[in-house]
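Order of writing sets the labels: A, B, C, D and E. Residues in every chain begin at 1.
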Amino acid sequence: EDVTIGLAGPISGPQAYFGTTWHNGFKLYIDKLNAAGGVNGVTVKINQQDDQADPRQGTLVAQKFCDDESVVLGLVNFNSGVAQSTLPIYEDCTMPTMTFGSNPALTQQGYKFMVRPVANDFAGALLPAEYALQKLNAKSALIVNDKQVFGQGISEIFGKNFIAGGGKVLDTLSIAPTDVDFSAVLAQIKSKNPDVIYLGAVMPQLALFAKQMHEQGVKATLMVPDGGYTPEFISQAGQVNVQGATVAVQAPPLDATPAIADFAAQYKAKYGQDAGPYSIYGYAQAQILEAVLKSAKGYTREDMNEALHNVKADTAIGQLEFDDKGELKVAPSYLYKVEGDKFTLIGTK
Amino acid sequence: MLGILIQQTVNALTIGAIYALIALGYTMVYGVLRMINFAHGEMFMLGAYAAFLTLTFFVGDIGGAGALVLSLVFAVALIAVGLAGVGIERLAYKPLRTSNRLAPMLSSLGVSLSLVTGVQIMAGPQPVGFPSFFPATRIDVFGGTVTLVQIGILIAAFVLMAALYLLVNRSRAGIIVRAVSENRPTAQLLGINANLAISLVFFFGPLLGAAGGILYASYYGIMSPTMGAVVGLKAFTAAILGGIGSIPGAVLGSFILAFVEVGGTALLPILSGGILGTEYRDVLAFAILILVLLVRPAGILGEPVSEESIVYKREF
Amino acid sequence: MAYPVLGSSDDRAHHRAPLRHRAKIVRAGKTHSGAFRQMTLTFEKLRKQYGQHVTIDDVSTRFEPGLIHGVIGPNGAGKSTLINMTAGSYVVSGGKISLDDKTLSGMKKYQIANSGVARTYQNIRLFDQMTVLENLEVCFYPAHVGQVWREILWPPFAAKRRRERRDVCMELLAFFNLQHYADAEAGSLPYGRQRMLEIARALVMNPRVLLLDEPAAGLNHHETAELTARLAELKTPDRIMIVVEHDMDLVMTVCDRIVVMHHGKLLFQGTPAEVQASADVQLAYLGTANDLDDIKTAAKDRRTQLGIRARRRS
Amino acid sequence: MTSTTSRPLLKIAGLSSGYGRVGVLNAIDLEVDEREIVVILGPNGAGKTTLLNSISGVARATAGSIEFEGRDIVGSRPEQVVRMGLAHCPEGRQIFQRLTVEENLVAAHIGRGGKSFEVLRNDVFELFPILKERRNGMASRMSGGQQQMLAIGRALMAEPKLLMLDEPSLGLAPKIIQQIFRIILDLSTSGISILLVEQNVQLALECGDYAYLLNTGRVRLHGPAQELAEHSAISDHYLGGATEETIHV
Amino acid sequence: MVLLAAVALIVATPFLSNYYVRVANGLLIYILLGIGLNIVIGYAGLLDLGFVAFYAVGAYTYALLASPQLGLHLPFLLIVVIAACVGAITGILLGLPVLKLRGDYLAIVTLGFGEIIRILMNNLDWLTGGPKGIARLDKASIVGIELARPTEIYWLLIVVVLAVATFVWRMEKSILGKAWAAIREDQDAARGIGINTTNAKLAAFATSATIGSIAGVIFAASQRFVSPDSFALQESVLIVLMIVVGGIGNILGIVVGAAILILLPEVLREFAEWRILFLGLLMIVLIIVRPSGIVPRSFGPEKLIRGLFGK
């Protein structure tokens, strides 16, 4: 007997790296699982589809999974924007999903068939604000965002938290998601002289901004969200240009615990390259699936959903369980600082 | 204040110079074939990738390469992209010379799509860091910061543009290219090898684009398979703004666009009293484009088309 | 008088009845206002310049209805420019063009056309990829566009409209001996037929001013003769016809009055006989009998000098 | 000197040609001797332009041969034909409007006969002083007659042995037409052979040595120009009385 | 035969799985967009690269008038009418400034217009929700019949596409269509025969914008979520491509073009990036083999009908 899991994420296009490495983490554990004979004799099949980070493609994929009786659970949509369009479809066909989009709004629309196994952006933007106020003694912040769902959302939350903690937001500037030249914006920022800059955007803009910021002599501390948790952030910006920049991310360091270090080694052995920033989550999601299969009454979508909402899974990143909205009860979040060519953990929550 | 002004001027000049290198390619191709070459942005991208490839292939360690080796590497990359341009013209545009005007344009879209995905498949879709060849020296000028890279870009761009201007307007080859662009059958009757002239254009256009790509990649320290799309569109806008087909027009349009972008970022929030943020920069740029074209429908330096003197028949 | 039909010779009588029918249709549309009154086209101190370069310099003249006016003059004298200004293709730099009390200069090109001014072009400008018939049908646009919604939404009305247009156009095509080409693409016609079609297109809306820019250019003798005959037939008492032409045989045969342009100025105007007799015109444009003799002499001289006697080929 | 013994400069035999799949010319025989002015007459669409186009390689020959100075040039591309010394001055002038007068000449200089550009240009300027006067002006600003002179001058930049002129009098004022014919005579005197397509029958036959009458893609009539001028068939042909058989005069 | 097969396909589709119905819906929306844009490009000969703006206008009109965003919940049909009017007005607003421009200048200005609209949608957060877009749109319904499931939307689209295609086809055959053809062939000569080219072009822009806007309404009603991502420049380019690959100026051609460019990537879904490469190369080959489209302009619906019924 077997069950099929639908995987949807960006497999081609500019975000393909994130999508593939995330899915690879999942496959890594599933392969081990199947090799060991599955869970209670049930093996897991994978149906991987490309959503190109495009909502329209995402809905077609969603429909495809819905139509396919054998798919009982979805591991879907890296991007909040895509999840926004696909969740209603999954809801309609009672397909339980583990959604990766981190925008807080996703869990607030009353969906019964979704859980989010990662911290949402509330968590992702709280830690840096506290760190800036308490550890850096920052009085003023300047926010730059790329006017995308993720970038704008998370930077707004940072702003709120920063003000709530007694700081002052000097200005919010927007850039286009395709921009590579920030010199004009930086000249602007320089004249305002903020203590920290929060940049709500994704790679490669994070690296480009860091580089140009340093080159133009802007002294503020740069704080970026999870997209920056990748070695490229340091290599593309140039090591000297990113020293001291902070990155907030839901993922623990790859050497944080023996379990994670073990995962990292396995990943490298299997795929011949280092794990991506979200691979560990794919891995953990597979472990959640394992727990679900163990506790499920049957393998229908409804049964799986029930099990998913009540699961208590021991994973490489700790024990995970969901509240009634589908949000993680305890969502770990980590803050790193760039030191040399490494990310050093400086805080966690 | 003076510092910011100088800083922003330098920023605009740098961006403008890169746009100009690409816009020139659009304009040259348009001038000869009356065709918008949508794949031109990809020549820009190929330039960066070709340079990176030759560099890692021949030199291996990027850090230790001397100036001579570097120039050699660039020459190889530029020529390679130039030849690719010629090849693409032969394969994808030449068969369409006698068909409607939309056809080659859309064929170029196909080329663009293929090149981007081709590079994505071979080199990976994610952006790749690109080594900077200019020492990261900074010079302070009245409070503004100018990097050596910026100066390098400006010099390189102006030298290339001046060379192109002389080539087109002063040399026999240039006159021949212009003759072919105006009336290909007659040019052939007069003993001009039109294919050669067109190949020339498709060699130098992509070559300039590739030069822009290399400068761009080393300035920003990054390259990606999709880098040509945005910059290409900007440069194309600049070429239209200046009057497509006109070489000085392409340069002028590029600098105007760059100053509008930089100025828009710096001034929009101030001028609108905070209502319009920097996110409206592109709206401003397009609005200015539209306004200019309303006053001069053929662009700033484009030749106005008088109704009866040139028979302007169907476009496609 | 009855609505003037194309031509008056009796052997063309078979054209007549349907053309009356056409008149009704044209009147029913909104192209022309009121009755067919005779009107005069007037140029007053007309000027055209490009920058500093003056191409039409202070031209004043009148074109009377019922006559064919020839405009001749050396290349670059400004003949086409006159036509282009009258039809609204060029903006007038100074002076005024008026059709009776209506000032044409300053009006938009399509408004001028709808005031009853039709033209042909020195370089033929047909709608190449449309059929011959469509080239004519589309001229009904100004008259029929008002009811286009009805035409789109109510098929029987559309059919009626299409019939109306077709009848008139086929009539005109027959007049120019083009009826066999009705469904051919205009661009595929032989050159001479294209010229005729362009004139036919100018006639669909029954214009009161007909401007022809070198209608005989590129035509052979046979076609020129055909054209000459047609032009004469197109003459009606209330129509102003202006023909720019280099073919002197045609001009001298068909025109009632001739205007000679030179360097953008009016050099001379008068009847064909007066023009031919004018020494100024001969000097500037026609060339004298001596000139012709000179060439003949030169040709002879060359033959004797080179000693060429052409070899007969089998 | 009679040229009966001399080999013809251009010899066309049994030429059929057309555009794409459209056949236009049918079994054409035609010869041009050295220093001759050969005239081609014929109504519109007869195939005169196509004949010149076939010689210069624009239209594709489907049968027959074209020999220039004894070399078969069928299949050569236009730019190669010019380099052999066969210049084609196309119908409708076709000057480069957006180039200056002098640039038009530069574009046409292919350096065939070894004369430098300056020498050739000065020769052209001598023939057409108006071109010298307007050398730096835009070609589009010139009047029709001046443009025709430029077109001929441009063809001369290739130092041709044979110059093909396609309706040089088209759209020109009578007086200018006479000037153009004088120039043709002068060119011939200076040693260039000429193949002239004309609608202006009288003048053409007056100046030409030998003439061919084309209709619907075939040679219908040929003979020495002076004899042809008196032939009644000429006027018959021009008025459309098509004779099916080829007539020798 | 062909007709029977087509009808069979149309009737059979809703009985296939929902995935196919969704794919068909996507296809039909693109056909609708293609028919709309073709008026400007194929009939009037004006290269418009900003067509997606009208699509966005329609979609956002629905999103604003039938969602919690502004608390409005107007009936579907009323919104269609409103969107059609808004679309027409936007079309004229775009048309007015660009009428003087030709060819490539027109292309870049319309492109700029499309971008301006998209940037506005992305930044007027208070109205449009910014990049987050507007979610939880009402289910559409006409006289009590709900139109929300893929099959229901499918039938709605079939009806709309047939109606619009017939309308546009009759328009092309009318005197206005002839005038558009004349403008396409030679705009100055068209003026010379008395065509007010400004009005005729505005009519083209307005009709095309109206159709684009209606397509937007249906799109919004079927996705029940709108965001600026769906209205990127690439969409405009894709529609132009559909038209050219299929056959410029021909409604049948648009169907073929849409089928190739929308269905093929779907069929080749397994091949990830390779399918895009394949599509790019296929585009080049198709255009070289048939530069004016797979279906020639002359093979219009009337030929098809005549062919089918043997006359």
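Just so we're on the same page, a contact is a pair of C-beta atoms (placed from the backbone, for glycine too) under 8 Å apart; a residue touches a chain by one contact, two chains touch by 3 or more.
Heads up on the chains, UniProt names are B, E = Branched-chain amino acid transport system permease protein; C, D = Branched-chain amino acid transport system ATP-binding protein.
Quick caveat, the model's predicted, so the values are computed rather than measured.
The fewest steps needed to get from chain D to chain E, moving only between touching chains, is 2.
Distance between Cα centroids is largest for the pairing of chain C with A.
The geometric centre of chain A is 36 Å away from that of chain E, both derived from CA atoms. The distance from the centre of chain A to the centre of chain D, with each centre set as the mean of the Cα atoms, comes to 77 Å.
For the pair chain B and chain C, the distance between mean C-alpha positions equals 48 Å.
Averaging Cα coordinates per chain places chain C and chain E 43 Å apart. Multi-chain contact residues of chain C (touching two or more other chains): 89, 121, 125, 128-129. Annotation for chain B: residues 120, 125, 277, 279, 282, 307-308, 311, 313-314 touch two or more other chains. Counting partners per residue, chain E has 122-123, 185-186, 188, 273, 276 as the residues that reach two or more other chains. Chain A contributes residues 11-12, 16, 49-50, 54-56, 59-60, 63-64, 66-67, 81, 84-85, 88, 103, 105, 109, 147-149, 152-153, 174 to its touches with chain E in the complex. Across the complex, chain D meets chain C through its residues 1-4, 29, 31, 33, 35-36, 43-45, 141-146, 170-176, 178, 181-182, 185, 188-189, 199, 201, 203, 206-207, 209-210, 222-225, 238-240, 248.
Of all residues in chain B, those touching chain A in their complex are 4, 7-8, 11-12, 14-15, 120, 124-129, 132, 136, 138, 145, 147, 220-222, 224, 226-227, 229-230, 261-262, 265-266, 277-279, 281-282. Residue ranges on chain E touching chain A, taken from their complex, read 17-19, 22-23, 26, 122-123, 130-133, 135-136, 150, 223-225, 227, 229-230, 266, 269, 272-273, 276.
For chain C in complex with chain E, the residues that touch the partner chain are 31, 87-89, 108-110, 113-114, 118-119, 121, 125-130, 134, 137-142, 144-145, 148, 151-153, 155, 158, 161, 165, 201-202, 204-205.
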